[in-house]
Amino acid sequence: MTIGLGRLVCGSLLASAGFVGAVSACELKIGVPAVLSGPAAQWGIALRGATEFVAKETMEEKRLVINGVACTVSVKSIDSKYSAEGAASATSALAAEGIKVIIGPVGSPEVTGFKPVATRNRMVAMVNSFAKNSIGPEWPTVFHIGPGPSGWAAPIIDVGLQRYKFKTAAIVAPNDQGGTDIASVNADIFKQRGVTVTEEYYQRGTTNFAPIVTRIMASNAEALDLASSPAGDAGIIVKQIRQAGFTGPIFRLGGPGTDEIARVAGGLDILKDFLWYEPVYMDDNMRALEQKYEKLMGSVRPENSDFFRWTFAARMMIKAIQAAGTIDNAEKIAAAMRTLPVEDEHIGKGYWIGQKFFGINQEMSYPFAIGVIQGGVKQPLIRAEAVSEK
Amino acid sequence: MNNRVPKSLPAEIRPSLFSGHDWIALAIVCLTFVIPFTSTNPQVLSQTNLILIAATAALGVYIMQRLDLMSFAVPSFMAIGGYTVALLSMKLQLTDVFVLAAAAFLMPALCAIPLGALILRLKGVYFVLVTFVLTEIVQLLLFEAGPITGGSNGLVGMPAVKIFGMELWDNPHVLLTTCGLAFVSFIVTSVFTRWFRSEFAAIETNDVLAESLGLAAWKYKAMAFSVAAGVSGLAGFALVNMLLTAHPSSFAPMSSVNYITYTIVGGKASILGTLIGALLLVSATDYFALSGEMSPGLFGLLIIVVTMVARGGVVGVVSGLLYRLAGQSPPLKNGEQDLGVNGEKGQ
Amino acid sequence: MESFIATGLIGISLGTQYTLLALGFTLIFGILGVVNFAHGGFYVMGGYVAYYCNVILGLPYPVAVLMAMLSMAALGWLFEAFILERVIEDHQATLMVTMGFYLVMATAILMIFGAESPQFPFPVTGVWRLGGIYFPYANMIVLGACLAAIVFVYWLVYRTNIGRGMRAMSEDLPVASALGMRTKALFPFAFALATGLAGGTGALVTPILALAPHVGDSVLAFSFLTVILGGLGSVTGATCAAFIVGLIEAYAAVYLGGSKGALTLFALVLIILVVRPQGLLGREVRRS
Amino acid sequence: MTTHSLSAGALHADRIAKSFGGLKVFHDVSFTVPAGGLLGVIGPNGAGKTTMINIFSGRLGLTSGQVMLGGTRIDGRSTFEIAMMGLVRSFQHTAIFNGHSVETNLLSALRFSRRDRSVLERLSPLLDQFGLIDNWQRNAEVMPYGLQKMLGLTMALATQPNMLLLDEPAAGLEKSERANIDTYVKFAREEFGCGILLVEHDMEIIKRLCPSVIVLDGGRLIAEGPPTDVLSQPHVINAYLGGSDEEDSDVTH
């Protein structure tokens, strides 16, 4: 025990010593609580990849210069395990290294566990999560990398309604926070457009969705929304509901992952008519960003396309640090961030939003894209303008 | 043979209530009270916090191990304790730490009585499986009972707890609360298990014999289940207090595996083993988390290696070594692992 | 009425899947007295081996399934002979070791194949339809495989010397060894048989559902449920229970809603355990 | 509580019947062990002797009939209740707390039956003679089988029962050790005034100790009386010759 305690104490002393050294030489350490194990690992891997890329980019291009000294940027990522206490302990570990700047975490339970710890330790953070309380006035130094379905579900549903006729829809989602929050938002938006909605929730860990598919078929839904069902689950649902004879359009109003859904379902033919939210519109700019990643990091970018949004978020953070002129004062960095325009060299201009939905204007909104598969053929993405609250 | 002088009964040696291991464990838990006052390092504070919560939760496993029962029910009772605290502080504005701790102990302990009546008849693997299923059910109920538990969102935004009207809100204060809860749990557990150690040892080794000698085994099983639930409830309180949130994911069924692992890897024979197991494995988890995707695998490897190499757990092996160094034979077991002595049973 | 029949068919498909899983699980418990927490790991890994053989190497699907069975049987044999065998006397230690091994397996899969699901389609597509009732051909094939597996396990356990030896061991280990049974050889064999079944199940079922590193988690929970319900160690019990679990899950999920289905199932199993701890067809509680 | 209690009195089985599923293992068996008396029970394997002890000691319920201890009906009560009422059993196979010392074993018996250490003083001649005092601090599990068995029997006696049910106390003992059983039975009766129901295969012991025996076969009481008389009855001899080979097991079913 004494040895264990000793290890802890020594470790912390070393850590704080390192931290003291860091101030003089301008060494920015970005903390990344990212889920790296379990079913959600791909989200965390995209987050980690984006942050590491931005760190390297910042150093190579000397983007962060404080008091005339170009800062070194390093990334410390810790597995936050897609659970509240996993994120809390990861965040505490980051705090112990004197880290004040956080990119992540990804999921709703993680963000729930993360926020109190981050607030106690005066950190500034860019989080994801589609939960209804991801950000809010209680957590003034927590920013959101982009809107959830509250921002982009409406335009996608409109595209769907133009192309297909349906009066009823079913929404499937897991029965936890990540599922119910999104499904209820989507349901409201469908209802605003005169569509009758049934919501179906399943227990996380379900492997065979045939019973739920039968329920949906019995509800005579003409359209289906997979909401935030994890890609693997969504793939099985699509496979099984098509087997059951469902022919209507399928929405995926809960995040990226269409490629994986298609693989699990058994190909684009099975998806047939499918619409989804794509974080970015893949144009030359985005391909340039991909190439830049490959050149800098020597490997292909993480597959999950949230990689792009995390890249914009990390760059925004660097800009805010530059503007604040400090690498360790969370309030100053947050204040600087609020004054900066939402803009990125690769995707262009966006807006600060969030006042209406969260009560705090700390959500970045960039242009996004609507993905469409029609008759089993992938259509070009539809570019959608950034959502604005003005 | 009958001509020899009759021997009289050896004098009675009254064993002390606590063994050396108990004292060491209690002393270590006591020492942690120093940390909130001397350290402001969030890592040390958080790590100590997590270790103490893990150890407290694992006490629930430890108590049931006295009866040779392996309980997966710890997260269920942690959830009951944690949600009770969250509800009391959010709905009724009760924030006094003593009131909350009492509620966090009593509520699960009371719930355990009817449950115990149902499942304590089971033994061995059946008890393992039924407690596992119980944890799954509690998890589902947390989701389904939305109006009370907040469903999948959990209960967020608890006020800070108070001691004598003083708010305990920052990192050291939160750790102080955890230290207090852990200390109470360790005292309760050690007094309880040592006070009734002959009863527990008898039920563990041969409950049929114990009953035939007049021992009401069910009473002790029920008491143990209830106290284990109460102690788990305190761990739930500490966890909820640390996160300021009562969330279903904090009480996931698979987390019971961790608590069992702490107890067994540390050495299930004494309360010290539970503490050491939590200390080693929480530190290891934390260390492994740095290796990202690899971390569960490394943890698994560690479990296998310790189970294979250190039978009787870390504490068992270390104290065995110490006895050997001192040239003594280890004392007879008080619920220590039976390594399977065969061939002496005649027939 | 149509949806009632359709739900029944779903229940039967679920039942076949659970039978295949539970057979191996219950064999291991019945013969070795071990609750194999790594069972789900062998299932997933079997799926990945089949995927690798079929999709990456381009071998025919039946060969891929065979490879999955053989490789998982081999891995199970090694695990039993070199790790599990050393702690077999202590049921808590076996629990810890199998749990640890599951974590190692899941991590290995994640490291080798990545977190995302690969495309691993079942070679036979198409659905048999009659009005609103439908049954995918793939599920029929799995049903056939399941029946074959049941017949095979029965034949092995009740009609061969190996099976008699295994049963003797499960009744009374000291007596069996005293009678000259080579328990040291039979234990790994029994374990390999069970893990081979799990691997084969993975190869058959993951292309119908999904293949991802984590799909073993829920497999474990359902194997638990099935085997509890059927009575630990009973092959017949496991088979019946698997279909009961499948049907209850299907009907509860269809008529009560997705998450209520699981709750109903768990509550039912809890009640059964309390009323009849040895399960539906279980023998007297095994000394563990 | 007085040790020579007569109020707790006799053990009386009144037309007890027991069946498992369809299988009937007892058919209306009735007999009485008087307070402080000694009754032997013999019968071929599978006659239901151990089942009978399990019923008396509360491990099994009855299908019909009743068991009275003194004036109180005891069937259907739990084991520990019956034990606290003064009816205690011994086990056919060693029944001790493995891994604990002889002392701990005996102290546990005292503690569970709420007796004090004075009982141990009274037992000390017996303990000495069996060699248990010499092994006082030894792990009971690694002692020779005979010693383990005597420890188990002494533990039953340490609870100061009014009525002892002894389930084949001599089984597994060496010839030389069997004299210990005689000592034990005499000591229990003389020192503690204990009534005893002695189930035994060893006819020598039965003949030496029991003034009277009952014979069970296939769950029926087929004879009763002094052992020498009973054992010469032709149908008793037949029962033994034709008795099934099944082991009379300790399993609960």
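Chains here go by letter, A, B, C and D, matching the order in which they are written, and residues are numbered from 1 within each.
One rule holds in what follows: a contact is a pair of C-beta atoms (placed from the backbone, for glycine too) under 8 Å apart; a residue touches a chain by one contact, two chains touch by 3 or more.
Because the structure is a prediction, the values reported are computed rather than measured.
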item: Centre-most chain [mean C-alpha coordinates]; value: B
item: From chain A, the most remote chain by mean C-alpha position; value: D
item: Centre-to-centre distance between chain B and chain A (centres being mean Cα positions), rounded to whole Å; value: 37
item: Gap in Å, rounded to a whole number, between the CA centres of chain D and chain A; value: 73
item: Where chain C and chain D are represented by their mean Cα positions, the distance between them in whole Å; value: 47
item: Approximate Å spacing (C-alpha centroids) for the pair chain B, chain D; value: 40
item: Junction residues of chain C - those touching two or more other chains; value: 107, 110, 115, 217, 221, 259, 262
item: Residues of chain A engaged with two or more neighbouring chains; value: 37, 41, 175, 203
item: Touching residues on chain A, where the partner in the complex is chain C; value: 37-39, 41-42, 45, 175, 200-203, 205-208, 210-212, 214-215, 217-218, 231-233, 235-236, 243-245, 260, 262-264, 266-267, 303
item: Complex interface listing, chain C residues touching chain A; value: 3, 6-7, 10, 13-14, 17, 107, 110, 114-119, 121, 125, 127, 129, 132, 134, 136, 209-215, 217-219, 221, 249-254, 257-259, 261-262
item: Touching residues on chain B, where the partner in the complex is chain A; value: 24, 28, 39, 41-50, 140, 143, 151-154, 156-157, 170-171, 239, 242-245, 247-250, 252, 275-276, 279-280, 283, 286, 289-290, 292-293, 295-296
item: Contact set on chain A toward chain B in their complex; value: 1, 4, 7-9, 11-12, 15-16, 36-37, 41, 48, 77-79, 81-85, 88-90, 92-93, 95-97, 109, 112-113, 116-117, 120-121, 131-133, 138, 175-181, 203
item: Of all residues in chain B, those that touch chain D in their complex; value: 2, 6-10, 12, 198-199, 201-202, 205-206, 208-218, 332-333, 336, 338, 341, 344-347
